[in-house]
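The data blocks that follow each hold one structure.
In what comes next, chain A is part of two complexes: it sits with chain B in the first one and with chain C in the second one.
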Partner chain A sequence: MVEDRHWSSRLFNVLNYTIIGLLALSCLIPLIHVFAISLSSSAAATGGLVTLWPVDFTFESYAYVARRAAFWQAMGISVLRVIVGVGLNMFFCIMCAYPLSKEKDQFRHRTLYAWYFFITMLISGGLIPLYMVIRMMGLMGTFWALVIPGAVPVYNVILLLNFFRQTPRELEDAAIIDGASQWRIMWQIFVPTSTAALATVALLSTVYHWNEWFNGILYSSSPDQYPLQSYLRTIVIDMKLTNMGANDWQALVVVSDKTAKCAQIFLASLPILLVYPFLQRYFVKGMVLGSVKG
Partner chain B sequence: MKKLSAFLALVLALCLTAACGLGEAGLEKYAEPVEVHFVRSTDDTLDTNFFANFPDKTMEDNLWCDLYRDQLNIIVKYDWIVKSGDEYDTKLNTAIAVGDIPEFVNVNTLQLSQLVEADAIMPLEDIYEQYATPFTRQILESDGLSPFQAATINGHLYGLPNVDSSLMIADLLWIRTDWLEKLNLPVPTTIEEVIATAKAFSEADFDGNGEKDTIVGIAKDLWGQMFSLRGFFDGFESYPGIWVENADGQLVYGSTLPGTKEALKTLNEMYTEGLIDREFGVKDGGKVAEATTNGKCGLFYGAQWNSIYPLQSCVNLDKDAQWQAFSIVPASGKVVKAQTDVGTLSWTVVRKDVAHPEAVMKMFNLFIDKNWGPENENGIYYAPLDSESIWKLSPVVPTNPHKNDGAFLDLEQYRKDGDESKVKGEALSILKKLQAFESGSEDGFALWGWERIYGAEGAYGVLIDYYNKKMTQDNLFVGAPTETMVSKMSTLEDLQDEVFIKIIMGEEPVDAFDKFVEDFNTLGGEQITKEVNEWYASVK
Partner chain C sequence: MQKSVKAPSLRSRGRFRKELPFHLMLLPGVIIVFIFMYIPLSGLIIAFQKFVPAKGLFGNQKWIGMDNFIYLYNLPGAISALRNTVIIAFWKMILHLIIPITVSILLNEIRSTGFRRTAQTLIYLPHFLSWIILGGILIDILSPSDGIVNRVLGLFGHEPVFFLGSNDSFRGTLIVTDVWKEFGFNTIIYLAAITNIDPNQYEAATIDGANRFQKMLYITLPNMRMIIVLMMVLSLGNVLNAGFDQVYNLYSKQVYSTGDILDTFIYRIGLLDAQFGVATAMGMFKSVVSTIFISVSYFCAYKFADYRIF
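== the complex of A and B ==
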């Protein structure tokens, strides 16, 4: 790349880096704040004395979390959910996107099928019908209620579909001449050449499964089935001060323990933080590539 | 409505005569095991205070379930359990909407009316008559009849109240007394003096940061149980959020009374003077607690338990700090009454097709008997030291509404005569806490909050004073929510809070209050007032 030495271009660069740097900081600071609270004493945290550096440094909250079986159980369920859920997502995504990426001469009712999927992005059944479906299928209170609904993420299918369509048709034609079946073309030509898009889709569904909490609460039949974010939800929401009974304050005392809360939030965000840098470069590339031909 | 009056009269009569053979079946053991299916919510207190100490116990296998099984042959099962109250409501509302109604379930009055409308639950007055023991009646009815009226629709009682105290949630005035002493100020007895005290605290700048930023603690949810405004408004003979009688004997909504305008005007002046946090409209209780903890707030309205949370962390940080709860005060020329509302928040209802609906009444009987009966084992089943929240393991939790003030009176007696042998049950475990605090040990200091409630200067003393001096204004509408209430009330409450916060912050003039009253009436308030008064006429 040729270095442009014009002053306006330099100014542009400086401003760009400053603004992006500030944006990055605004994402980072809350995390550091949470981390600092988790390492502070309870009184200092309640008093709002902690900003970016721990006050009365202590590991007590982490020792507390380490003893807390419910946290680790929820973590285990979340990890399992990501493995199974993302696995299912990827499988169905590829299986749907591949045929739908074909031209009309290869797949006659392609448009009809595409609409069949697309329409679900525009109109969803809503909470109550979904709840009824889950219940009638006997998924209530099972792990499968977390991964089977939404096993076909249509947005991801479209992303992948567009990527597949950019793969040169000549590759496919050549494979057909060599006698490859559609099945083989999909797995041995399209999938290996689409790693960027696949990584993007995998990241999107990993983030979804890791962060989703509402279904976790709605479809579970007891708190020991909660994935991590549902569990966190029950400890971080602020209690409503109106509508409390005379003896409900006990819950407030436990819930108000800021340091333990922050330790758990920090630990819960750690795995996804660690995954991001590795997939980030695919992520950016994949989004752009997949969406050009939208 | 005649039926309702007749029923209530009957209940009252039974209560007075504490009669006579009825309710003997109330603790009888079933010959065959009876399975009862509940759903429930749980919270962190059980995890922290019980399950952490007894990891092999579960919600369906613990001493309360054992007790119900051994004494009544009732097997408690849970179809589902949700953690935290808000999510419980979400899940239960969804379940009700799809018709997946649990056999036995604890609901609020809104859910109760929906279930009655859907014809899904059964009337329980006959079961109550037949199976409630005299002692259960005495406890359940000791907070007045409002817990029953709230669950009575078309003359039938649809829910058994998990009663809780109405008095215990009244507002008190919490003040930093070490600051009062330093400034040589008296305890305020009028609103004007409260403001003067707040001003003096602000000018004294106790945190020494050179700014007059010491505030009166107010949280964004205005009417909660800490950093509340209820007690302040009560001083202006305005009772926001509850229904009171006007001069004609009609019920009116407290928020629309003229006193409310005066209170708002005063708050606006305080805000302008910097006595209220500039951003109070967005700060929740936890955020305001930062101010009480780090010495930026020395005065606020709140409930009796506020010394345990959030004030305990204030004294942990600053050992010289001291707080005390005082009676709320009137604006000059006014009478002060602390507003109270029905303390009961949940009612146990029974699905129509359940074979043994009376099982739940038996569980009520046993729960009350074990915790507060003449031969209670409160120390084991209610709140033993190693597992404070153990009573929550029972699916039904009717509380003796007078257990806390009762314990306080027992302790007062003990402080007079020093006879520890007369202190029993919960009062005894509280006495242990007070003694630990007085020992001056470090562990004992963590119980400072308890001493502020049950000690000689304790908050309960003030609440009992309210009661004895008839210084309470009860909510006079205690029926099930009326039709228009169900559809409109929450919108009206949001409107009210929005307008009030704007007026206090000076974004709208004080006269915007008159517009609010008008809007309140046109947007459904008038219809609600009409319905409320119809109900009131029917129970008079």
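== the complex of A and C ==
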């Protein structure tokens, strides 16, 4: 293009690449920094010598984490939570989104049900009443408290139902003429043609369950029931330096723990780091489908 | 249209049989939502009770009218939590619009596909990390004694800044780090809108002699008008959402006066001090105000942008 040769356009290009480049780096550097610390010696990390490259390279902190049973137990709970939680989310999403995606002439009460779910997006009882209900149901201190209360992710249901509605009606009509039941139509026509939307929903739900920490703390009766993020909170946040004076003797203990902390932070973010770049097109689709409707 | 019939006619019976699978499919979801959304909603009555947890959610509690609300009104920390919430949420709402819009326009101007894709992937990254991970990282890199940020500031002769521990900088730190976490992910929606712009518009402008900046200003931006208005309207619902996850993992006692928000306040008085009634009263206040804002925002989005959620 001719205009790109103009000096102002060239200057803009230089500035633009610089700004975007710096923004992108700002998102990556903190994690590299943490990774570099996790591979450095305690002394170098404590002395603040590490920036983006390990100093006195060592795997010591990872060896320490490998021996730390609490970390792996929490990791195990998180993995289980993701498997069960995402499974439940997918089940409920499909079962709710499919009937809600029908037109009014196929399903008279569609709008009524849609409002029933939609209202929960507008108003909620908040922290304390939900806490009381979970206690009342006897879920407190059980694994189920982490996966059942949020089993119907209403936002994802709406996302999926909007996708289901794009499936051509003719497919369904043909199946009905062939005598297929609604259950078969759901499983054998709608689900297979909606893999992109299902992948999006699965991704959202996986990230949610992997990252969720608050319920993990709230509904557990002891720290050995914590999922990974809740466990991580106890070691990286609860003992933060801002809570202590600089001369506090405890600070010394915490600081020497720095490399191990960084190793655990890095390991906990690793699964998502490895997965999200490859699922980009799914969450992009999900975002667009979720917010620009109509 | 279905006419109301007095006796179940054959037609409506057949219709019910045909629709029965839909009701059955919805049943499990309806039950879960009822138990974990609607029962807690009715549990908001706690706000008007002197609530004793041992007696249970719908037990024989003592009714005290508006006492919990009056108590809250006179509680010094409560009003400051409300003020902090509104201030923090306001700036987050504004910047969560401006920064992603700007970045998406800038990204669109990058011609090298490889560079653009890489940058996009990287700026999505923080969105996927929890506030526990980011909290841990931020506490480390923002530390006044050996944090990397203060070391860089030190190179320029700047005094160390106590980002997370001083009332001068805590709110700013919250706002900036939250915008940093989400700006990349929020560009997705705007980039999608830019992609949908008809290329003919740009070609016509080029023929008319428009330069690059004129095209950004008079084609790209106006074409994003609808989505910008929509996002603006929808963000209204966040007026009392200052971000519990973030604040709870970054704040400490010394910054309560500028950093304590409604959600953290509710958590502390409710679950740590076990004042369930008072905490629920505050939760109810938040819930009612938020509901009004969310409803109005959906209504406006529906009216002005033809936005329908389902």
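We adopt the following convention: the second predicted complex is superposed on the first by the 240 of 294 C-alpha atoms of A that agree within 3 Å, B and C clash if a C-alpha of one lies under 4 Å from a C-alpha of the other, contacts with A are read in each partner's own complex, and residues count from 1 in each chain.
By definition in this document, contacts are C-beta pairs under 8 Å (C-beta built on N, C-alpha and C of every residue); 3 or more make two chains touch, one makes a residue touch a chain.
The shown structure was predicted, so the numbers you read here are calculated from the model rather than taken from an experiment.
Asker: Quick one: name whichever of chain B and chain C touches more residues of chain A.
Answerer: C
Asker: Taking the superposition as given, does A:Arg233 touch the first partner, chain B, the second, chain C, both, or neither?
Answerer: both
Asker: Does chain B (first) or chain C (second) touch A:Tyr276, or do both, or does neither?
Answerer: second
Asker: Applying the touch criterion given at the start, work out whether A:Leu23 contacts chain B, chain C, both or neither, answering first, second, both or neither.
Answerer: It touches chain C, and chain B stays clear.
Asker: Thinking of the overlay built on chain A, is A:Ala69 touched by chain B (first), by chain C (second), by both, or by neither?
Answerer: The answer is first: A:Ala69 touches chain B but not chain C.
Asker: Just to be sure I read the superposition right, which of the two partners does A:Ser221 touch: chain B = first, chain C = second, or both, or neither?
Answerer: So A:Ser221 only meets chain B here.
Asker: Tell me the contact category for A:Gly48 with respect to chain B and chain C: first, second, both or neither.
Answerer: A:Gly48: touches chain B and chain C.
Asker: Looking at A:Ile128, would you say it contacts chain B, chain C, both, or neither? Reply first, second, both or neither.
Answerer: both
Asker: Name the contact category of A:Val14: first (chain B only), second (chain C only), both, or neither.
Answerer: neither
Asker: Quick check on the output: what are the common chain A residues between the chain B footprint and the chain C footprint?
Answerer: Touching chain B in the first complex and chain C in the second, residues 46-48, 127-128, 131-132, 218, 233, 237, 240-243, 246, 258 of chain A appear in both lists.
Asker: Taking the complex as given, what residues does chain A use to touch chain C?
Answerer: Interface residues on chain A, with respect to chain C: 1, 3-4, 6, 8-9, 12-13, 16-17, 19-21, 23-28, 30-31, 33-34, 37, 46-48, 51, 92, 95-96, 98-100, 102, 106-110, 113-114, 116-118, 120-134, 136-137, 148-152, 154, 157-158, 161-162, 181-183, 186, 207, 210-214, 218, 229-230, 232-233, 236-237, 240-243, 246, 258, 261-262, 265, 268-269, 272-273, 276-277, 280, 283-284, 287-288, 291-294.
Asker: Under the definition above, what is the set of chain B residues touching chain A in their complex?
Answerer: 42-45, 47-49, 52, 55, 59, 78-87, 90-91, 94-95, 97-98, 100, 164-165, 168-169, 219, 221, 223-228, 284-287, 289-291, 293-294, 303, 305, 308-310, 313-314, 316-317, 343, 345, 388-389, 399, 404
Asker: Which part of chain A faces chain B closely enough to touch in the complex?
Answerer: Residue list for chain A touching chain B: 42-44, 46-49, 67-70, 127-128, 131-132, 135, 141, 217-218, 220-223, 226, 231, 233-235, 237-247, 249-256, 258.
Asker: Which chain C residues qualify as touching chain A in the complex?
Answerer: Residues of chain C touching chain A: 2, 15, 19, 21-23, 25-26, 28-30, 32-33, 35-44, 46, 53, 56-57, 103, 106-107, 109-110, 115-116, 118-126, 128-130, 132-133, 135-141, 143, 145-146, 148, 151, 162, 164-165, 180, 183-185, 188-189, 192-193, 206, 211-213, 227, 230-231, 234, 244-245, 248-249, 252-254, 263, 266-267, 270-271, 276, 279-280, 283-284, 286-288, 290-291, 294-295, 298, 305-310.
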